[in-house]
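Once you scroll down, you'll see the structures, which are given as structure tokens.
What follows is a pair of complexes built around chain A, which joins chain B in one and chain C in the other.
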Partner chain A sequence: MFTPEILASALSFISQGTRKTKYGVQARARAYRRTGNGTVTMIYSRVLRETHRVNMKKYDAIVIGAGHNGLTNAAFLAKAGLDVLVLEKNEYIGGATASRELHEGWMYSNCSYVCSLFRPEIYQALDLGEHGLEVVPLQGSTTFKQDGDYFGSYHQPAVRRREIARHSKRDADASIRFDADLMKWCRLVRGFLLRTPPDPASLKIRDAMEFAYLLKSFYRLTESQIYEFIRFFTMSIAEYLEEYFESDAILAHFSGGSIIGTGLGVYSPGTAYVLLHHAMGDVDGNIGSWGFARGGMGSVSKAIASSFQSMGGEIRTQADVQQILVKGRQATGVVLDSGEEVYAGVVVSNLDAKRTFLNIMARKDLPDELYRRASNFKIRGSSGKLNIALDGMPQFPALPIGSPLTLGHMHFTDTLERLERAYDDWKDDCWSRDPYVDTLIPTQYDPTMSPAGKHMMSVFVQYCPVEVEGGWTDAKRDAFGETVINQIASYSPNFKDLILHAEVRTPREIEAEVGLTEGNIFQGELTLDQLMFNRPFPGYAQYRGPVKNMYMCGSSTHPGGGVMGAPGANAAREILLDMGRENTTPEDFGDD
Partner chain B sequence: MTRSVVIVGAGHNGLICAAYLAKSGYEVTVLEARDRVGGGASTVSFADGYSVSGLAHILHSLSSKVCRELNLAGSGLEAGPPVDTISLDRQGQHLTLGANTVTGDGVSQKDVEAYRDFKKEFRTYAAALDPLMMNKPPRLKDMDSQDKFTLAKIGWKLRFGLGAKSMREFLRVGGINIYDVLNEIFDNETLKGAIALDAVLGHHMGPRTPNTVLTYLHRVRGENQGLQTLPPGGMGQVTQAISDAAHGFGASIRPGEKVKRILVNDGKASGVELFSGEQLHADIVVSNADAKTTFLDLVGTGELDAMFAHRVNKTRTRGTVAKVYIALRELPQFRDLSPAQLGQRLLVVPDMRYLEHAFNHAKYGEFSQAPVLEITIPSIADPSLAPAGHHVMSVSASYAPYELKDGWEQQRTVFMDNVIALIGEYAPGFEQLVVDKEILTPVDIETEYGLTGGHWHQGEMTIDQSFMMRPVHGSAQYDTPVEGLFLCGATAHPGGNVTGIPGHNAAQRILKIQGEPG
Partner chain C sequence: MSKHDFKQVLEPTPFHARVDEQCMVKNWTSWNGYQTARVYDTLAAEYFAIRSSCSVMDLTPMEKYRITGPDAFTFLSRLVVRDISKLQAGRVTYVLWCNDEGKVLDDGTIFQLAENDYRLCSQHHQLDWLLLSSLGMDVDISQETHEVAALAVQGPTSYSVLTEAGFSGLSQLKPFRILQTNLHGFEVMISRTGYTGDLGYELWTDPANALEMWDAIFAVQHLYNIRPIGLDALEIVRIEAGFIMPGDDFNTAETTVRADHDRSPFELGMGWVVNFDKPYFTGKRALIAEHSLPVKRRLVKMSVTGNKPPADSFLFDGKNGKRIGTINSQVWSPILKANLAMADIEYRNGMKPPEIWAEIYYQKELEWRATWAECRIVEKPFWSHPRRSATPPGQY
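What follows is the complex of A and B.
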């Protein structure tokens, strides 16, 4: 029953609506121009301010978020000749791959801190060397023992075996088998990183071909190797290593890498695979070595951004995307928090799956199933980070004088039980009372990051919960930092005295600053329900969103977290395929 | 010419394998170390006049195909009335979980509906895996036609049986933990705890351990076979019926004969030697013992490839459950529990957090300070198990790890008393009713039943020890590197619980390789 009142309010609603459209603005501007008044231009711009500002330019693609994957994605799209705009909410680019001067004179890589996984194929395809990225391989790593001894892991094979033999002769023999096996799995898995995972439920030829490719790679292995690989993929890191080693410190040392960033313990099945995630890095072609970017991790994103801009790409910082605009089941652009609308043929989100679907997409644009999946997406943060400015180099009396081991990662957890108990604390929403820390002092390689003679220490901490009982407060955050500092100080007598400034980050701080939901560094846990064709959700693993022209390119997609660049490149390949453009993304180098 | 088979161990799987082979015309001898058949599924007397099921005390997974083909009902198998699961609550807000329904004061309508859908969905997944369960697990390379057929059937059932949506969901949850799955679906903490217990019972796993969806699927697959019951006469009656069936087909069953070793000549099994010194020669030897006992003790590493022996040695067999038998002078009074409810399967597992905390201890070689319990009082349905008016209670208590830091000798009574005190919190005055009690720690289970590590399922049922990797690759299709030696126990695919499937599959495999005799 249309009463006159309802009709009137409907009409006024419609007329308000048209004020916001481009057409409405232009119509008004034209009307002013007809008056012949000299102040037309001024009035026109006032109208623009009053109504919604509209960017007249339509881009080929918009990438939301200037994390390293977003930039990588944008660079490959620009390389194909597209007109690409990257929007970043912060005033600096890089997301979690950034270097920031948070204490005067000190540059912190305040989130990610090593670049082990970055694909060399991408490095080459985007000429990142030319754009200033220099990666220095790290030298070994150490685990300090409670009895005053240490275990050092060296790259040089003979030295490595000699050190392992110092703890257990049997383990030295086993290490040869271990290294060989690990290398084999690295090579196998590496081949899947720069590929789009096939959908097992799909009946399309492309998915069938992709499965055939996967099977072919497996069939290069012998039958028992296939089973060994499945075991490796499904076992816990502790049990996997216990098949090789017996020495507590060695077991703890090699297990640590598997729990970094995950909500699992060393005895949780499925963690052995995560070891690979960390051991897979290629630096100078050496599988298994970790690298450090000169100038901090920000150099990685800077180099990618520079490569992107050299191909005509545009980056806007302090541009916080409020929503992805969808019209007729098609993404058409984005609206920023300033109200400005920017249009594009393709919209790519570098945000994690939860933020993408629950924050910047309208509920009405999402199928129910996808909305449910996004709500249930497991993205519990489990890590904390300390960045510490030091007045000098801390001493570690356990190490021989002049030992090169301070150049690498340092850990202070020497048994599997201590690692597992750290996890038990996290399960109960407490930070680990005896945490696992991964410590690096990169200023030993790169003195430009701190004033002369001073140092910067990066301390990655596992585990730290998203929520502690009663909620995080600044006091609790500092108590968490204190726990970590005390642990390091018990192995380094002068450490506490050297501390000039410490930035303590729990998942709360990581989420607030970088925008990683719940502070999960991998944009979603790396468990079997969220890997490969399940990442981020079953049926959405091929980088395409629920509406046309909308894509995902963050670590929430295959192959997942780490400063790897692969999700960004893979998403670019799918976008270019849909647009019928030439593929600019690299293939896997293949072996050796 | 009739061909002879010796089967080592008269557990339910050994007996089922014996029955199938005898039915096909083999001359079968089953040797059992204990003085009765049944292994873990037998009835024992622990105090004067009180009897109880030895290890397994609820029948919930026995394959209906096996029952039918061996006509076990004709041999006297009586399943007994079905029992529900009741999860006890300290305040008396107990939950009753049936196959499809959940009832209780604290449970919302939303959870009731979610439970029905959840069970239906999981039963479809379990059914889709049936071709994998009832056949030898296919090899992944050099498959024979049967393997290819099995794989094709699974693929078909997943894609077209379940449909794209359910298949995707199955592939998503299949490899993860029950904790996350239940949290997505349910609100009620007690309900989640009760379901999670089914996923971890007998395993060295907590609800947050990845893999527990898989173990839960095994449980649900059992439900697909029929009901959950307390068989009258205890589990011994079930295995006695299988034994009688095997005997009826002509198998000879010899309890009290402990096998010392499996004889191997030129890489081929030729028979067994008993502790009595007697040697029995046979064309085929089948072991119902677990992989470690079979290969490392009975065959001996000298006959094996070093890497194979290493793999067997590294299989994980850490038992986590202790059994407590309690003789009672009268029925205990649980708070707000009717006498009819008392005869059901009772659980003490308030929520998943409690369960996970109980498991935490097991990781460090401690027993749970607050254990989780599965309780039955079989004498309610079958009064013959106890003297008139008296009752027996059988409790599976987790977690009680095999490797206890302080050793079980000093700690066994401490743990048993903890369990009894815990029951007392739900049933006031319980301690005063106890006439007699006994505990079987995993160490006792190993000694008494010959299960390495006291592990209920003859080896952890994790993905890396399942399917074509159970117990280890190279012997996952029931045949072993020793020609003529086969595995038929829970150590082989598809694993533990009283299913009878390993025995069934092993018999099929033997018939396939060795052919029908005569």
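What follows is the complex of A and C.
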């Protein structure tokens, strides 16, 4: 490996030269070393595409990946006065939190598409409002039924209650119990989002105190609440909801949030927690509400980047990290695919745990157990995404004229059975023939994402497999897109005619473009075995890697996926602690 | 299938045409999703209609459940903490019910209409709990809130007003008794019940007759002062009468998220309703366990000295002392010329604090001021009058 130490010892043996090739002027660097018997060996030769200058600058920290967590992490490090460089493989920043103009005049939130989990503490601490971020709450949600009716979960509480009662009087009352119960678990889990999980096996004072905090949080529950909480964490969403509701459409409606992004079905144990993961966010204190970032989700990463840069941070795009450099069990920098080496006191990976340990770290630098855990990490791709430019507003004749329900999430799966069958297809390596979709038309609120009177539709699709039989092809990808479009079209007769452009993304495209292994949106399944002090792996939940000065800050770490920013902030807190620097990360506002 | 009218946020009651016509200030609020007047015209006039002449209040939004079937009595007896074995057709009883931890879900009244036929009235939505509690029993439970129009006619002249309006047979109707009668050929059920602590009746009929019944009452307005009243006037009289309001004076168990924020009947000062001698009822085990220990906190009725409103006040065990509680609801009583409050306070070793002081913040022309006021716990209703239970009722 071409480390600074080798460079220094071999300095007089470096040769540099340029020559004309059919590609243009090429700069080449060679390094030689004289061995013991006096012969000279060339130990390094590489074409320097961009520059032949060896970057001798050493940063305080390098963050690999300009996703929202990488940027958040970098911003808090910069806030502490560190000299921080963010390296991004793509020509655009944001990772899965991006706005992209893929059809002229239309901006797509082409990966993540709504905002709720992003920690307001981080928003405030990084002045994201000053840096251009605005999150507009969206209103309500609908499930269209096959019989021509619909269930609408309205934003207005009295209207919502009456609509639930239209389907079942009992469910209207049960929703009070359901909301209160869910809020109990929300309060419990929200308290851990901006905290580093304790290592339950550690005897360190800080771990003991954090573990005591965890136990205290549980202690605040009543005895029966503790039993219920354990049940909640291990149950399937279908069984959990059936303890409250009886209406098929309502059961299907409320279970959707618990399968989004997971390789699990509504009857799979563990899915009840995923519902909580989607319900524990808030917009301005309204827990469970979701919002649109004005200008698309790219506005979130843009605002964090702007905050970071205003504090002196540096971002380099088209800088694909090939490897984390490790010397003497310490991370010292990174090598880019250009061959360029960049050095830093600290290296932070925003990439998922699998990519971090199996792709950009050398096997020799990793303990066997960690390598095995990374290989076994559950990060199954199960989602697809369509982003559609529309020539006008699609009509949904099932809804009353002027209904506000098009302003919210729209789903077209009205029974638990259909949801489970959609999962069955995925298990058979096929995209769901009758998929569960989360459809939104943000341009009803946001004037910046399409020309006036035109619209953009975001369609999140569950399920779409990583591998289909015979392998993915562009034709199969388009057939998947067609399946989704046909489903929506059966509830919206003018929909197909309005389509001007559609971007169709299967896990294959999401992995290739964004860099998420298998296209898993959470950087790893949100199951109990991979949460809290087990995320990503036991013994590695405190953001520190297997070598000194190497850290993780992506959604593979606690508290997991969703555009939350919490992993990035939590990792920054640990890094600053190790460096003896002032903690710039915010504390949880707290609910009480 | 019926489509949902998303433009109608609050639902009109069967009396809405008259309510809307008489409500001058249009100060609406939601009561269980129904469009309800807080005030019609002038609060003081509405209050004194209740205490001095006759008030009419649209009671329809109160939740009503019909409970029938062979196991109806067994079901109700298990549901509530009170011994209801003496209940019989034509009688009403006040009840409250708890979850398995002995925390209060709601309170209300049971009307026995006939054998195996009951109506349960409650403040909050209870269908979910009633159905869960009835699993395995031969009982039929349905919500009939919208199927029964209800009016409260309360005040010293309420008997005279109803008699003049054409209802007969009221003279011998005792408190908590039911009279099945009719008006202009349609059936009306009248119970001598109410939430005012005064002489008064509640009238129950089919929604189709609602407006005719309202008009019949107001037709005698030339003889007696009759006023429709809103929720604000009711709030004053119910506190004067010492009635608790679930949701306002304590968190109902079903909606409580934080542990220790729900309340048992003992903590509400409602221990007199709990009967440990009756067969098993929901929450009994927890309540027996709790009853063996000194009470830790109590919802108490307090009169607060002075005239500054102790709204949202913290309570202390002395001037500048230790904080021991908060005021949950409070009113100025025009008849007692005093501030009355419902307050949640800590009891040390099961004993009420020897002294209670409220720190009151009040505003004069945008300037905030603070003062201290001593509080006194009152065990009985703040105000009561023999006319409430006199049978036959006086003419007044």
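Going forward, the second predicted complex is superposed on the first by the 538 of 592 C-alpha atoms of A that agree within 3 Å, B and C clash if a C-alpha of one lies under 4 Å from a C-alpha of the other, contacts with A are read in each partner's own complex, and residues count from 1 in each chain.
Simple rule for what comes next: contacts are C-beta pairs under 8 Å (C-beta built on N, C-alpha and C of every residue); 3 or more make two chains touch, one makes a residue touch a chain.
Source: prediction; values computed, not measured.
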item	value
Touched partner set for A:Trp106, first chain B, second chain C, both or neither	neither
First (chain B), second (chain C), both or neither touched by A:Ser224	both
Partner chain(s) touched by A:Tyr551 [first = chain B, second = chain C, both, neither]	neither
Chain B versus chain C as contact partner of A:Leu264, first or second or both or neither	first
Set of chain A residues, in rising order, touched by both chain B and chain C	222, 224
Chain B - residues contacting chain A, complex	139-142, 159, 164-165, 167-169, 171-176, 180, 184, 208-211, 314, 316, 356, 360, 363-364, 462-464, 468-469, 473-474
List of chain C residues in touch with chain A within their complex	1-11, 30, 33, 100-101, 125-129, 131, 143, 254-259
Chain C-touching residues of chain A, taken from the complex the two chains share	147-149, 152, 154, 156, 158-159, 161-163, 166, 169-170, 172-174, 176-177, 180, 183-184, 187, 220-222, 224-225, 400, 402-405, 592
Touching residues on chain A, where the partner in the complex is chain B	200-201, 218-219, 222-224, 226-227, 230-231, 234-235, 239, 242-243, 264, 267-270, 369, 376, 378, 417, 420-421, 424, 427, 527-529, 533-534, 538-539
